[in-house]
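Structures follow.
Two complexes come next, and they have one chain in common, subunit A, joined by subunit B in the first and subunit C in the second.
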Partner chain A sequence: MSSDNPPTRMASGVDLHAVRPYGDTLSDGLVQLSFSLPIPPGPEAREAARRLAAQMGLNEPQIYHEADLGYGFSFWILYGKCRFHVDLTRIVVPKIEAPAMSLEEINDLLREKAGRRLRVVGACSGTDAHTVGIDAILNMKGFAGEYGLERYPAFEVFNLGSQVPNEVLLAKVRELKADAVLVSQVVTQKDVHLNNLAEWVDMVEADGLRNDLLMVCGGPRITHEVALELGFDAGFGTGTTPRTVAAWIAHEWVRRHG
Partner chain B sequence: MDAIATVLPQDVRVVAVVGCSKNAGKTTTLNALLEGLGGTLPRPGVLSIGIDGEEADFWLGVPKPRVEVARGDWVATAEAALAAGTAVVEVKERTGGRTLLGDLVVGQVVRAGTVLLAGIRAKDDVRAAVAAMLRLGAGRVLIDGAYQRLAAADPEVSDGTIIATGAVLGPTVDEVAGRTREFLQRLQVPATTHAADRDLMATAVAANRLALRLEGSGDPPVLAESPSAPEAAWILAGGDAVVAVPGAVGDDLVRQLAPRATGRVRLLAQDPTRLFLSPMESSRFRRQHDLRVIRPIRVLAITANPFSVFGWTLPRPGMVEAIRAVAGNVDVLSFDVHPPPCPGA
Partner chain C sequence: MERKLDLDPGAIARSRDAAGNIAEEVLRFAADRTTVSIERAVLRWMGVEGGDADCIPLVNRVVDAAVAAGLLEDGIALPFAEAVRSSGLDPSGAARAISEGRLALARPAPGHEEAARAIARDLAETGSERIRRTNRTRQAFLDRLGEGPRPLLYVIVASGNIHEDTVQAQVCAKAGAQVIAVIRSTAQSLLDYIPEGATTEGYGGTYATQANFRIMRAALDEASEDVGRYVRQCNYASGLCMPEMATLGALERLDVMLNDALYGILFRDINMQRTLTDQAFSRRVSAAAGILINTGEDNYLTTADAFESAHTVLASELINEQIALRCGLKPWQLGLGHAMQMNPFREDMFLYEVAQARMVREIFPECPLKYMPPTKYMTGDIFRGHVQDALFSLASVMTGQGIHLLGMMTEAMHTPHIHDRTLALEATRMIVTAARHLEDEVQFKPGGIVQTRAREVLGRAQGLLEQVRDEGLFGALANGRFADIRRTPEGGRGLDGVLAKGPRYWNPVEDALDALLAEGAPEVTE
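So, the complex of A and B:
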């Protein structure tokens, strides 16, 4: 979202107990969706696209665009009216609790409260070799104009790299007496990241280290809620910048030990 | 549904429900337990080590069964989560635990409905919540697991465990039965029968290091940093040996141990929740050596869910029969599980 947008606020007249999409008028349920089909365009394919949209819960599905993708494939854009609504008042979403802090403020806080450098271990664990996320957060050069945690005097950072088995990560955490562990997971086919993350949490519990460790996970399909469900203390998704993670670690460490 | 309550012996006060996989049917099993215990006094308590009772699955977005509680039931959850359910809960105690959704509270249901169980993530938090509920008057406490995490099955946390399995594990009966067997084998690693093994484990736990001794030597145990350390190699080269591991047991550890052993090794873990061996490595190790625990898990029953959240349904009789064939003497129960309606619909 552009910073030129007005501050987010609730539109007037919205029934928070029955929130629906809108296209032309409030709560008309109108949505647009697109998909491709492994069949060439044609009258039967049009009807197939309409019926699929109806099975997705859309009333009055209408095709607005179709295209031949070649090799027997077709592309479709449809409009339809969503039959469902959600009760916003019953939705509880856990959110990261950490104040916005500058690099200097984070260092000052930990210098005063911890009196030592916090040891942060990071790894792309399991079979995952995609280190772009963990590197963006930890490496000195950082990401999005912010320095990574290696640049913070308050942190001593150990980036173990990619494809680190949970057992090896655990041994390193034990050896270094880490204060925080950041686990990055990018590959998500067949939910391999969820299996790996769940095993990691159980392994830390099994080794008796859970209470002394801030456990963080991150990745494109990670949300804070996913992280909590899996037993982590925090989860960070796409677009997270190093300062956000640094502030959370500092804030949470002080909350527990301060 | 009452059948499930009959698998709970009188001496089992704290029950963990763990899944062979996510979406295997843990919450359905929990609801069946709550319903089966419907007329019993004192009333049961319930908590989750993840997040349970939400409208939609956090990952797939599909509807999930809600957690249904009756008047008098006990719940432990984060205070802010109470607003997300339809049940009215009177807060009786704050455990002192602080979660990301506010204080961890224990309360009693004054009006039946649904509850969101959230905020408890670590084993110590579970223990504190269980202790508080039992002290306040809960008859039994049911712990809903998260994903396929096993922490709640730790015998120091729960007295017995119910395993939820089902069609979500695979599109064929054989695949479901095979993966259930692997899961069960992990949970049912037998207890050691040697009294001296307990002392060896106590030594390992106190030092937080591997403890090793030669079988029948009478020598004091040796403490090693790792199985590749020289002292470990010396012991393992001396004949039959016992190795106590205070923490997690993974593939790397047994791969280091096995080649150094000239005799038979009895590898001890505190309990099955500390075992993280792949089925292949576990099988390879156990062909020549022995794997034992100090505190075994008491598996009370297996619940089998023929419905998969991914869209297929397996034939119930065939699936139950196949799971019974791998379950040994563990009861296998099956429930009518149907996809609930879309949230908000």
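So, the complex of A and C:
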């Protein structure tokens, strides 16, 4: 994820028009899989697990482990050969467009173009209490050896913490005249995070604030593509470092206002 | 307890002294106050159950009515008992009549006061009797079935649906779990009422309700018979309803409850005046009911660095211990929290973690301790996560921890799937069995990495405790001494539910608690 990584290289002989999983031989399609079934183990359950794997697209599904979880449940570990392939050359994924910049470069850019500190509001919104993500991006201390946005003279940061209802967040965004809002969603169940994010976008739009705000979301289940579908300007997934977010905010603000 | 770390007994004693002073200041503050949740707990103790047509708990309706009538500063017990006396209804019936406006709350007329007080004392005694019975039932289970060796293996269920939770809990019991905790629905700690009834919709967990407590208790009792071991039930006496949760736990035979005001202040932004007052009452309830409490220091290390801030965990544990002992809890009831949260790629991380885990063990030799698995550096790489959890299990068994929360390879991803727990239980059982007597065999090199680290953490904890004693706990929290988080005495949720006790304040449940504590809560350890 860091720009310091060695350049990506392709394994030789791969057909980019037909990519399939790799176990130990090109195009063998080998996949590992585990799941539980709400039936006790036994010969019929074994066949049921095998057939399910076959219907998932695995040729020669092979059961390597079965266990009795008790109370009518069983656990299965299988391997099989995936019969599908994908054409890599036809895949287009929206990506965040922001140049890699250092902390100093970001500060210099905003000092020159904005002439003031950008106000960044962050929250772990809805019912989510897990602030590890938003804290990593915003707190002074930062994450993975990079300082958080609080450390940047170019930003004035307001971290509202956990379980912030969207109504409260909206009121805060108004009160603080935020330039950018970062919403974090870490732990989820039954897609509650998506509903919450969609509601947030709707509320901001209904309130007429949408065009004044850089709207960002982040979390382990967030991709830039999902974020765009939900109506955000950017989405950041696991492993994102503070500098990446800072650079995007700076770059995007300047693109819009500079 | 064998002393392997060459810790300075003087430093431990001075730290404990400072923590004792801090605890006394907190408890003096709490003694002069009551809260809406304490008064609702009094009603629950006295037998009020159920909700109104809108599912608002009757205890909330009655206490709100008392607030509106300006009666609460003297305690809910007397005006409520007068309502029971004048109406001739049972407690829940009287509460319902009050909530429907058919019965008014008022102080008894002088001629009726003694009769009302007698009714209040009787109702309080009914609650006490139920708690004595609950304690005896638990003791009978333990005498007959036992509960297996320490560390107690503790797992969570959190499907959101109590009926799915019971299935998963039973599967866990079969796989070796000794404590089953039902994680509450996210943000329940911020509700100033306890939802009513059996629930099937929750986010990140399942609502804690009296009905759900009963459903899970029945499922665990059934599983206990199936596996031939008593399986403990755990939930949360925390958040804005801490005293009520402790009371329901006592009435419905919960065995373990999370209970830590500092956690609520720091991580849920609950007002410190409110929750420290609530905590004093709830700890007395847990003490009387033989409930083992768990504290939440482990969470400090999710925001602060686990290496730099290890001493804040120890300092907070000492404060929690001193408060708890003064509330009547016995050392065997104190599952003080700590955790393995260092960066797993840090050189000698395992040695530092063992040093800290063993240090806590030696400073609290009679407490079971609650050891929490890695969460901060769990990534979604389930294979690596399983290994991190294995390191944690090894540290746990070799340092003699009493309650071992199982790490899940799917930590940081989703609430566990049914096999995640079984895989974790199998791996942990393998490790604690394979290394059962490692603790007895291991000595640490004098002046080596482990001893040096433990002494250093103790020294810094002593310094912090002396600083907190000088600032006062409220001041220390305002100055961000714990978890790098700052909280003010007037900030956070729930301050409007705190009342200074009036000159006529009377609470027969406090007297009932005194009586139960004087009888001595049964010691339910093996």
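Simple rule for what comes next: the second predicted complex is superposed on the first by the 220 of 258 C-alpha atoms of A that agree within 3 Å, B and C clash if a C-alpha of one lies under 4 Å from a C-alpha of the other, contacts with A are read in each partner's own complex, and residues count from 1 in each chain.
The working rule: a contact is a pair of C-beta atoms (placed from the backbone, for glycine too) under 8 Å apart; a residue touches a chain by one contact, two chains touch by 3 or more.
What you see is a predicted model; the values in this text were computed from it and never measured.
Participant: Between subunit B (first) and subunit C (second), which, if any, makes contact with A:Ile63: first, second, both or neither?
Facilitator: A:Ile63 contacts neither subunit B nor subunit C.
Participant: So, A:Ala114: does it touch subunit B (first), subunit C (second), both, or neither?
Facilitator: Neither: A:Ala114 stays clear of subunit B and subunit C.
Participant: Of the partners subunit B and subunit C, which touch A:Asn166 in the superposed model: first, second, both, neither?
Facilitator: first
Participant: One more residue to check, A:Ser36. First (subunit B), second (subunit C), both or neither?
Facilitator: Second partner only, subunit C.
Participant: Let me test your reading of the model: by the given contact rule, A:Thr131 touches which partner, first (subunit B), second (subunit C), both or neither?
Facilitator: In the superposed model, A:Thr131 contacts subunit C only, not subunit B.
Participant: Going by the contact rule set out at the top, does A:Ala48 touch subunit B (first), subunit C (second), both, or neither?
Facilitator: neither
Participant: Which partner, subunit B or subunit C, touches the larger number of subunit A residues?
Facilitator: After superposing on chain A, more of subunit A is contacted by B.
Participant: For A:Phe232, decide between first (touching subunit B), second (touching subunit C), both and neither.
Facilitator: In the superposition, A:Phe232 touches subunit B alone.
Participant: Where on subunit C is subunit A touching in the complex?
Facilitator: 160, 167, 170-171, 174-175, 185-187, 190, 203-204, 267-269, 302-303, 305, 376, 379-380, 412-415, 417-419, 422-423, 484
Participant: Would you pull the subunit B residues touching subunit A in the complex into a rising list?
Facilitator: 22, 49-51, 55, 58-59, 80-81, 83-84, 98, 100-101, 116, 118, 121-124, 146-151, 208, 226, 246-248, 250-253, 273-274, 276, 342-345
Participant: For a test of understanding, state which residues of subunit A touch subunit B in their complex under the given definition.
Facilitator: Those in contact with subunit B are residues 18, 57, 83-87, 90-92, 94-95, 97, 165-168, 170-171, 191, 194-195, 198-199, 201-203, 205-208, 210-211, 223-226, 228-234, 255.
Participant: Quick one: in the complex, what on subunit A touches subunit C?
Facilitator: My answer: residues 34-36, 67, 69-71, 73, 75, 127-129, 131-132, 135, 139, 141, 161-163, 186-190, 192, 220, 238.
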